[in-house]
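The structure under discussion is supplied below as structure tokens; questions concerning it will follow.
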Amino acid sequence: MTARSDGIDGATPRSPDAALLRIENVWKTYHSQPVLRGVDLDVAAHEVVCLIGASGSGKSTLLRCVNLLETVDDGAIYLDGTEITDVRADADRARKRIGMVFQSYNLFPHMSVLDNITLAPVRVHKTPRAAAVAQARELLERFGLADKAKEYPDRLSGGQQQRVAIVRALATRPSLMLLDEVTSALDPELVTEVLGIIRELKESGMTMVLATHEMGFARDIADTVCFLDNGVLLETGPAEQIFTEPREPRTREFLQRVLESGRI
Amino acid sequence: PADSTGDAKASTSATGTAACAKDKLKLTKPGRLTVATDKPAFEPWFKNDDPSNGQGFESAVAYAVANRLGFAKNEVTWTTESFDSSYAPGPKKFDFDINQISITPERRKAVTFSDGYYDVAQAVVAADGGKYAGVTSVNELKNARIAVQVGTTALQAVRKQIQPATQPQVFNNQIDTINALKNKQVDVVVLDLPTAFYVTAAQVKNSKIVGQLPRSADGTEQFGLLLQRGNPLAGCLNVAIGQLKSSGELARIQDQWLTSSAGAAVLK
Amino acid sequence: MTTSDANPPAWVKSARQLERERQRRRTGRRSASVAAVSTVVFLALVIGLLVSSPGWPRVRQTFFSVGQLGDAFPDVLRGFWLNVEIFLIAEPLILGLGLLVALARSLTGPVFFPIRALAVGYTDVFRGVPTILLVYLIGFGVPALNLRGVPSDPAVLGGAALVLSYGAYVAEVFRAGIDSIHPSQRAAARSLGLSHVQSLRFVVLPQAVRRVVPPLLNDFSSLQKDTALVAVLGPLEALRQAQIHSADTFNYTPFLAAALLFIALTVPLARFTDHLAARAERRRAPGGGT
Amino acid sequence: MTTSDANPPAWVKSARQLERERQRRRTGRRSASVAAVSTVVFLALVIGLLVSSPGWPRVRQTFFSVGQLGDAFPDVLRGFWLNVEIFLIAEPLILGLGLLVALARSLTGPVFFPIRALAVGYTDVFRGVPTILLVYLIGFGVPALNLRGVPSDPAVLGGAALVLSYGAYVAEVFRAGIDSIHPSQRAAARSLGLSHVQSLRFVVLPQAVRRVVPPLLNDFSSLQKDTALVAVLGPLEALRQAQIHSADTFNYTPFLAAALLFIALTVPLARFTDHLAARAERRRAPGGGT
Amino acid sequence: MTARSDGIDGATPRSPDAALLRIENVWKTYHSQPVLRGVDLDVAAHEVVCLIGASGSGKSTLLRCVNLLETVDDGAIYLDGTEITDVRADADRARKRIGMVFQSYNLFPHMSVLDNITLAPVRVHKTPRAAAVAQARELLERFGLADKAKEYPDRLSGGQQQRVAIVRALATRPSLMLLDEVTSALDPELVTEVLGIIRELKESGMTMVLATHEMGFARDIADTVCFLDNGVLLETGPAEQIFTEPREPRTREFLQRVLESGRI
């Protein structure tokens, strides 16, 4: 147990002001190579957290751990006060409340765009098909994909595929969204749009954790920015603070290089 | 003793048809008579699955025929030929095949047969004390489940003479046919009479021959030696078989190896 | 798309393109003729060699006799319905069994070791055992057990043996399909909240099955022909009828009648799966995602 | 990685993790025992039912007689070498033929239509024709043609028939594998300057073959057993030897000897391909690219 | 023929000052839906051209046409004065001289990183294996991937995979590089590095055509910027001109939205 887990039992619901997502001392190794090293992070309801850091620093891995796609090797993750990493916990119930968008889209190639989107609402959340389709069409409209509903994913351009993946995750109305570099394949025009949608989501109360290389985007959208360095959560703080006066030299160095790349 | 008479007859025949002189014959292997049969070779036609021991009806017939043609026992070579391949087109690797093959006009279009060396009757075998053990007429077999072996003429005999209500079951070989009877998967088995005697005596306990099927209208069924189509050797074989018949030697061989058919009543 | 279609230039095919298409058609026609001619010549050569060989008349008479074909056909066809019947009943059972075993084999975790071991043992043994032995074992062994309530119809017992044998084959085909689906697909399904079973059912299996349609069809057509093995238990199916005719007449043509019937069943199935494959292919045009 | 490994925190397993692992082990052990026990009980039930049935002694005697097994084994083993020989010679030819036909089928463009048609016709017909008919046709038909220079050894002719028959099956398996490779892989290969043939050889086929190993193995083990079909041409292979013994003794146990030999060949092959599959799987751990 | 093809025969080598790559009136349709509509473009040797435009505007399609992965439906493409879209031209010879990096990496999953990179040098360019390996290792070093040489692609993070794809294309020493959103999956630190490498390549005389959503990057690296709108090459010009005083209203509108997204 870390010092933070002071007397809080994972199984007991906690006071409403507590974090929606709490990550406690999470370790993850691949082939005894540590990729996450004791990550601690609290995400309050309605908060937007951006994970930044170099390639291979563990951003995707952390998101996968939160969504229970990986078993943590140590530490615990709480969603709404319930430990979801508990041995007896039902992973599917936890995942129902979490939406995830992958770096490589992972659309289902054998289903049309519409079927990709309505699969989970219909099968998991038992929404009537007609309602699910209506909602899906509405979301597609909002993302400029109305005419692609009947297409198959492999026929879409990269940007179109990523937008479909976002819509698919949104369609389950999750209470926490995990987004893994969702804007990397989007064209700048659409970044604005997605940014708008994410802000809208945020205003509607959505909690989000995003891994991103887009510093401008991170600075603009994030309440909190976390800098991951080689599996260690080196620095956490309000976006403005991190970008303007980072405490850690590694962070400063990283941002310096990013600045040179012209992405901030 | 058989040797001396054989030699005498052979020499007379040789004078009759000079073409059948041993050294004039066109054989698969020069100077040797190559005889084929299937493997395994069943009793009572052969003994111990070894055709070359001269024991069993067909083995004895083969040696007697060879003898008539002037071949000593050690000049006869046996080779294995399955029934299915015995009538394949193309050159054959035997001079004649002896394997309980019935002569029919259709088969004659594909191969050449010698004259018949055995008159076949089909017999009905049933479980002793079973429903069909006391059958005396063909009509009573109409509703029986009947088993036959594929490739035998038993199937035609069943279809023509019994005309059963259900299709007869056709098995790959004798063992499967017999096992079906043992397992009570069928009621009766139809097979040639000599085999039937052997089956009831040695192979299936508590089974009996119910009777023989009556001879069919289109003549007596006979076993013949099978040859490559057009093989002139057939003429010489016919001469030899004729001599075996007229000298009574064939009847003696038959008495020695096959049970007399008198023990099985002919079904009405 | 958010761009307005303002002032789209109209496309009038350029002279170059027209010339190019003409040329393509020309070379296309030329190569097509070359290919067609060489194929025809090749086939003609093979057939010519066959027909002009000294033994051809006898071979034709023995294997391709029209009269024999006509004589045997009605009986063979009658037998063929039994094959079709066994096939139609066995195939769904085989698919079900194969799928179950494949799923059992793809269970992970030490907990499932015994079930996995059972599945592995099953596929290993039942692919190794000659089908004919299974047919014997079940067809002659089960009635010999004298158990009450167990069917003794040879077609049923033979069918059961086929199900056991082919279940093992089909299980391996399904397993190949399941394994060929990238784990990220399952991850995406689970992340949407689908359970393990739902992920399999809606995401993994539909893709897996599509990929293995050709090998499955292989097993289908093998099975079609192996329905003939129930003949060892007595029933008169197509090949057995052919064999009977062949033994009666010392002519192999009746087998050809059986072959024609089997082909008549396989070809439409093959065309149908080709059609399915082509449809799936159209969905993943190379332009988009690459 | 460009990040320096400055001050990496050391990992001491927390009490929670230790407790969690204990619990996992405990429930793991429990479920494992449940699974093991239920599997064993299931097997015991089946075996018990079998052994206690009234006909069991007769069935055991007929199918599982130790004495018979010993008697038949040497002959069956001798025959088995012929099966192995035919298999070892036929299999590479089959793989080659299957691959060629699969490649011919995946040619695109109207130019290749005749070749494609030939390939399609071949797979359709040769999967439909019962293998036994092919064995008859080639084993009896080819020698009857009286062509000079054509072998007449029944094992060779039977082997040729098997090659033609299984070539069609294997072609379909390969085709499934080739079609399952995403076109973007080929695009990437071509963009590097690899020719059509090189793309196939280095990029498409290696991936395709890996995907179809289990169905290929299916066809391998089918083939192993179908080598028995050459027996109709005369050679004494394992099943035929078993049949001979079986007819001698009116006992089916000799078939069991053959089955054991076939299984002894299939199982190591199956384990080997499992090993290959597991290695390929390790290379595409779910963590990275998703 | 378009007005531009004045008397120049594709088969005759042209004067050295002519374009290395010339795209003339290229049309491409998918299912009779035009995706490229008469695109004209000249790329001089040593020039770096950036294609910008909304998602689905045809950037990837244009690059695929240049690499002959798609057959153009009209128009012609010349490489070094030779028409490569000619019916009789040998596509493989043309592709040998063109390197391409795909939006979705398209690494060969059955080969290690090193084998991915050395495949084309060894098989197509007949470089001795040892030399190819040495060169590959050097490139991997430069891209911070030295320790991944023996790994398989599926084990790498998205950014790592894209870097391997770039190395793979560079290893054939092409005289023209086509890059389809190569930086979209890279983290900002590496963007700087890749930018450096691309500049280095440019200085070493490499001609490049890039499709990108990174305006900062485009502005920095490009000699010429082309704005594609719905399959039409609407505007072409020096980077500075396009970004500061675009002629077309559509271009201005597009850049306006990009500006809002914070990527410029």
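General observations
Should a chain be cited, it is by its letter among A, B, C, D and E, assigned in written order, with residues numbered from 1 in that chain.
What we mean here is this: a residue touches a chain if its C-beta (ideal position, glycine included) is under 8 Å from a C-beta of that chain, and two chains touch if they have at least 3 such contacts.
None of these values were measured; they are calculated from a predicted model.
Counting only chains that touch, the fewest steps needed to get from subunit B to subunit D is 1. In terms of the stated touch criterion, the partners common to subunit C and subunit D are A, B, E, listed by label.
When chain pairs are compared by their number of contacting C-beta pairs, C-D comes first. Mean C-alpha positions place subunit A and subunit E at a centre distance of 31 Å. Chain centres here are Cα means. That of subunit C falls 44 Å from that of subunit E.
Shared contact sites, meaning residues of subunit B that touch two or more other chains, fall at 84, 88-90, 179.
Shared interface positions of subunit E, i.e. residues touching 2 or more other chains, are given as 54, 56, 60, 64, 69, 102-104, 106, 157-158, 160, 189.
Multi-chain contact residues of subunit D, defined as those touching 2 or more other chains: 1-2, 62, 136, 140-141, 144-146, 184, 187-188, 284-287, 289-290.
In this structure, the chains touch in the following pairs: A-C, A-D, A-E, B-C, B-D, C-D, C-E, D-E. Subunit D makes touch with subunit C in their complex at residues 28, 31-32, 35-36, 38-40, 43, 49-50, 53-56, 58-59, 62-63, 110-115, 117-118, 123-125, 127-133, 136-137, 140-141, 144-147, 169, 172-173, 175-176, 179-180, 182-184, 187-188, 211-215, 217-219, 221-222, 225, 228, 239, 252, 255-256, 258-259, 262-267, 270, 277, 281, 284-286, 289-290. Taken together, the subunit A residues at the contact with subunit E in this complex read 53-56, 60, 103-104, 157-160, 181, 184-192, 195, 213-217, 219-220, 254, 257-258, 260-264. Listing the residues of subunit D that touch subunit E in their complex gives 1-2, 184-185, 187-195, 198, 202-203, 206-207, 210, 280, 283-285, 287-289. Note for the complex: subunit D touches subunit B at residues 62, 136, 139-141, 143-146, 232-234, 236, 243-244, 246-248, 250. Contact residues on subunit B toward subunit C in their complex (touch as defined above): 83-84, 87-90, 104, 106-107, 109-111, 147, 150-151, 155-156, 167, 169-172, 176, 179-180, 182-186.
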